[in-house]
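The same chain A turns up in both complexes below, where it pairs with chain B and then with chain C.
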Partner chain A sequence: MPTDGTIPLLQVKNLKRQFNVRQLGSRENGVLRAVDDVSLHLEAGESLGIVGESGCGKSTLARLIVGLLEPTDGRILIEGGDIWASGAAGRERRRKFQMVFQNPAGSMNPRRTVGASVSEPLQAKGIRKTAEAVERMLTLVGLDPQMADRKPHQLSGGQQQRASIARALIADPAIVVHDESIASLDISLQAQILNLLLDLQKELGTSYIFISHDLAAVQAISHRVIVMYLGEVVEASDSTVFASRPLHPYSQALRNATLLPDPIHERARGDTLLRGDVPSPINPPVGCRFHTRCPLATDQCRKQKPSLRDTGDGHLVACHFAGSSSQTQVVSEGVA
Partner chain B sequence: MNNRPVLRVENLTTRFHTGQGAVTAVDGVSFEVAPGETLGLVGESGSGKSVTAMSVLGLVPKPGRIVRGAIELNGSDMLTLRNEELRRRRGKECGMVFQNPMTALNPSFSVGWQMREAITAHDKRSDVDTRIHRALADVGMPDPQRQAASFPHQMSGGMRQRVVIAMGMINDPQLLIADEPTTALDVTIQAQVLSLMKTLTREHGTALLLITHNMGVVANMCDRVAVMYAGEIVEEAPVDELFASSRHPYTRGLLRSIPNPDRPRQKTPTLPGSPPNMAQLPTGCRFRPRCVFADSRCDAHPDLLAVADRHKARCWKTQNGELLTETKSLTETTDAN
Partner chain C sequence: MTVSPDTQMPGHRLGRPMLLDQLLRHKGGAFGLAIMLLFIFLAAFGRFVAPYDPNANDYVSLLSSPSASHWFGTDELGRDTLSRVIDGSRIAVAVAFLSVSIAMAVGVVIGVVSGYFGGYVDAVLNRSQDVLFAFPTLLLAIILVAVLGPGLFNASLAIAIVYSPRFARMARASALSIKSSEFLDAARLAGVSTPVILIRHILPNVLPPVIVLAALSMSTAQLAYASLSFLGLGVSPPQADWGSMLSKGRDFITIAPWLVIWPTVALVLLMLAFNVLGDAIRDVLDPNHSSIGKNPDTLL
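Moving on, here comes the complex of A and B:
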């Protein structure tokens, strides 16, 4: 949070979203807290990465932020104004967001031309003459402007994703949320898209929220990184600091589980596997939600929920022991 | 490891006759897997790696057909076998693990029922229940009796994939073929499943043909690697050598295009372009349109030839002893901050 009193571009305050679910084989309804008390902020021109495994709530959070889902509780403020304010003010604020989805083929109308799809955000704003803007945008994302006349199926996966990015950026949004936007692409294309996003950010100053299960991809694009587990933020840090020193045992496990293209490193890898699976978010463990899989867990963790505390320089972590000496040992076992 | 290979594939060519003409998905692929060895078959989508695995198993979906080549499993030719005989060998001498455990398991039957089927298809006498429970315990399932009675939907993705691995290994095959076994799993679960596969294949001396697009998985699991591009193997080498000194521009580019988690907000060098349309392959070297090293020699199609000890590459340049000296476009790593 900036200390000079200016308002951040995006503030998410104590955001919660619950879903009522019918549990299999039981008549009772359960409550799934997909996003449970998440707060974050984003500055103009900045990228925030959100990483976590399936079921951690990262996609729900994405949909909440862009206004595709209404929160159960909490607020989302853009330039200090609530996106769910009633009437034109709220609508206007929700327009400042755009989203890029995982599957580029499924997120474009197969019957319309690429150009028609890309121009849609402009038409939604009431702008009729869009051809020139579409041409400029397609060029900017590295596509031949003639692609505007093609149908999505005539484009390759990488080209489709470039077109989705063009669509997201054409109406000059303040924030683009990427939900696993490179996950369905081949490795050589993933790197192309990551580089494109870095270039576009430099050129246009757009802020990104980049959501992925792939820690390396998140780090490649983000200024700051947030790690989620079972609906909660367990760590938030500057990405350079995070790269050298993740503090939460779950962040460390994620990092250790990220396989590197280096056989010598991989052979030396210590056996610090997390046991078990992610518990059900319908009945999350009491105390620290990670305690069932944590190598450091004590009685305290089973009883008392750790709060997200600042360990210095805005590096937030929700762990009773993060940064203590017993923990450093666990880290060093990771790579012997 | 001086005995004969468990699997020998020679000049395998598998073609699909589609509305847009014939597509040769696998084109003259040859490789061997030694007993107990893990060979990685790596490539991006459309490179032919999965079709190669399907061909080995005799499971090429229509309209695909193996048009040429030989596949020997334990010395006997799989392509001349009748269906009945093929069924007898498949699952017994060669187990398989597919990418998606939800579709590899039947949702209407208990896990134990399905494992029983896998055993009794090949062996009707043994104590089936004990074997099922032992196999489930081997893949780290707590309380195997209870797990055998449960249905796939009652399990998590990681648990299901453990069941699929247990089924693949249950007849103690000499070869296990795993097609993207961890791609559908979360990273922490992927680490568990890979470690399990490594332990199991080591303990049983099982050879593993591991198909993946993930270079991290390759580095973690494989003894040797074959890299596929546009239906062909373009490079083959022991794992350390491949990562340390790749001799094909495609492998080189692929390895460099993986983001480094230790260096945030840095641009990653990329391979330009995208893989070719298999119905309209470029003439000459198939990688030529994306290759920064290409010259006039590349008009002719190169063969896969030795470039070093146990190291083959399909590239005129490295076959000639020339180095893949870094050019600007490969090494460019601008700071993006």
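Moving on, here comes the complex of A and C:
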């Protein structure tokens, strides 16, 4: 939360999304809480990383933030205005979001040219002459402008992803959400695309949200990092602080799962890794949702749900024990 | 950011030649197209090509076997079989195109709407199509013609009604899979309106398999019409029509087999043309396989 009283670019307040799921052998419908009471904020020109295992609700959160899914409860505010406000105001606000998708091959209509796909956000705004803007944007993402005449399948994976980025940025969005957008590319390409994104951010001032299971990549490019577990935020922090001292046992386990480049260090580390799978989000564990896999779990964790508390410098963690030596002020409001 | 290595592409031909161009270079496509065009030509200009008036009687040569003056022989009223087969192609071609066009238009609209919007719309449309699907094809067509009355248009309409569910099903399945694709999310995010999404993104991706089905359906639609006509539910006499020619010729099958053979040959040839053409279109239309001559089973 900014202290100077200005409104952040993006505010997500107590966001919830439930899905009704039919369960086999049971007459009642189960309720899957994919995103459960998530709050966060993002400043202009900033990057936010959202990390978690598959099934923790990060993709649902991404779709909620950009307005592809309607929340069950909670609000998403851009520049202080609700994106689900009725009428033109809400529609206008939802246009400030763009998204780069996980699968570059599937994110463009296979029957239209790359240029037609890239120009679509402009055309939807009623702009007729788009050729010049498309050419400029393609050049900016490092593609030959002639690629505009190609079909998506005539491009390589890296080129497709660059074209997707061009489409996401062409209509000057305030926020671009990257949903595992580099996961399907090989390592050298990942680095190229990440550097490209950082360069573009400097040039255009766009805010990014990176959704990923790759902690290392997210830390490298984000100002702030949020860790999700079973639809909830368990830790939120500046990425530099987080990199040196993750507090939540789950965040620590995630970091330990990242391989170190040096095999001697890697072997000497001797860290504990998580065992077991994520419990079903349909019937999440009571108390702390992480207690079934947590090495620190006590009876308190099995009964009482820890709230997000500030351990200092806006480093929020939802654990009864993490960083208990430092500040223990309870933040009732969540991350926002 | 400078231009990186992955922007260099191997020499790839830009664009894609027209569908027709590709079809002509496809062996089956060229064959199917040639036969189909031949029948369309006969349908349009048959009167100028046919050696006799198809309905003119020649009482001197009743049931005469194929000869220099009557290549395909004559029937029990002395009418020239060749001229009647040529004249019958008018009806066959008209029915094939008319019935399949109606079936495709109705089916695609129903399928796309029910697939894209889902929910109650889908439930209602889908169930009603299931009911139609449950009837045996020819039986339902006969019932419909009995209700509508015989004739070229009514028979075509009946066949269209019977055939529309298969188009609806295919369009619905495609629409469903496209609905959840990332490029559609991208279009929604761009702020593209629903009608534009349906026309620009859903329809073009739904159509290719539907067009293939249309070409293949023309073959069976034409056969279904011949069956209706065989049962006396087609055009009224004396208009020449392959189905009714077969029906009449059946009485003389032992003494004048040419009355049955030539309409059958025409029927089979036109069906074959539609089938081969359908397969060729399927090969050509796949966006990810612009080269031709691949194993058709791996496509689509």
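One rule holds in what follows: the second predicted complex is superposed on the first by the 321 of 336 C-alpha atoms of A that agree within 3 Å, B and C clash if a C-alpha of one lies under 4 Å from a C-alpha of the other, contacts with A are read in each partner's own complex, and residues count from 1 in each chain.
Heads up, the rule we're going with is that a contact is a pair of C-beta atoms (placed from the backbone, for glycine too) under 8 Å apart; a residue touches a chain by one contact, two chains touch by 3 or more.
Being a predicted model, the structure only gives us computed values, none of them experimental.
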| item | value |
| --- | --- |
| Partner chain(s) touched by A:N195 [first = chain B, second = chain C, both, neither] | both |
| Contacts of A:G158 with chain B and chain C, given as first, second, both or neither | both |
| Contacts of A:S54 with chain B and chain C, given as first, second, both or neither | first |
| Which superposed partner A:T258 touches (first chain B, second chain C, both, neither) | first |
| Which superposed partner A:D277 touches (first chain B, second chain C, both, neither) | first |
| Touched partner set for A:A220, first chain B, second chain C, both or neither | first |
| Touching partner for A:T240 - first (chain B), second (chain C), both, neither | first |
| Chain B versus chain C as contact partner of A:G106, first or second or both or neither | second |
| Shared chain A contacts, counted only where both chain B and chain C touch the same residue | 156, 158-159, 189, 192, 195, 199 |
| Sites on chain C touched by chain A in the complex | 1-4, 6-7, 9, 12, 14-16, 181-183, 185-193, 200-201, 204-205, 287-288 |
| Residue numbers on chain A that touch chain B, as the complex places them | 24, 53-54, 156-159, 186-192, 194-195, 198-199, 202, 213-217, 219-223, 239-240, 242-244, 253-266, 269, 271, 273-274, 277-278 |
| Interfacial residue positions of chain A with respect to chain C in the complex | 63, 66-68, 91, 94-95, 97-99, 101-103, 106-112, 117, 120-121, 124-125, 140-144, 147, 149-151, 153-156, 158-159, 164, 167, 171, 189, 192, 195-196, 199-200 |
| Touch list for chain B against partner chain A, complex | 44-45, 153, 156-159, 186-192, 194-195, 213-220, 222, 239-240, 243, 253-255, 257-272, 274-275, 336 |
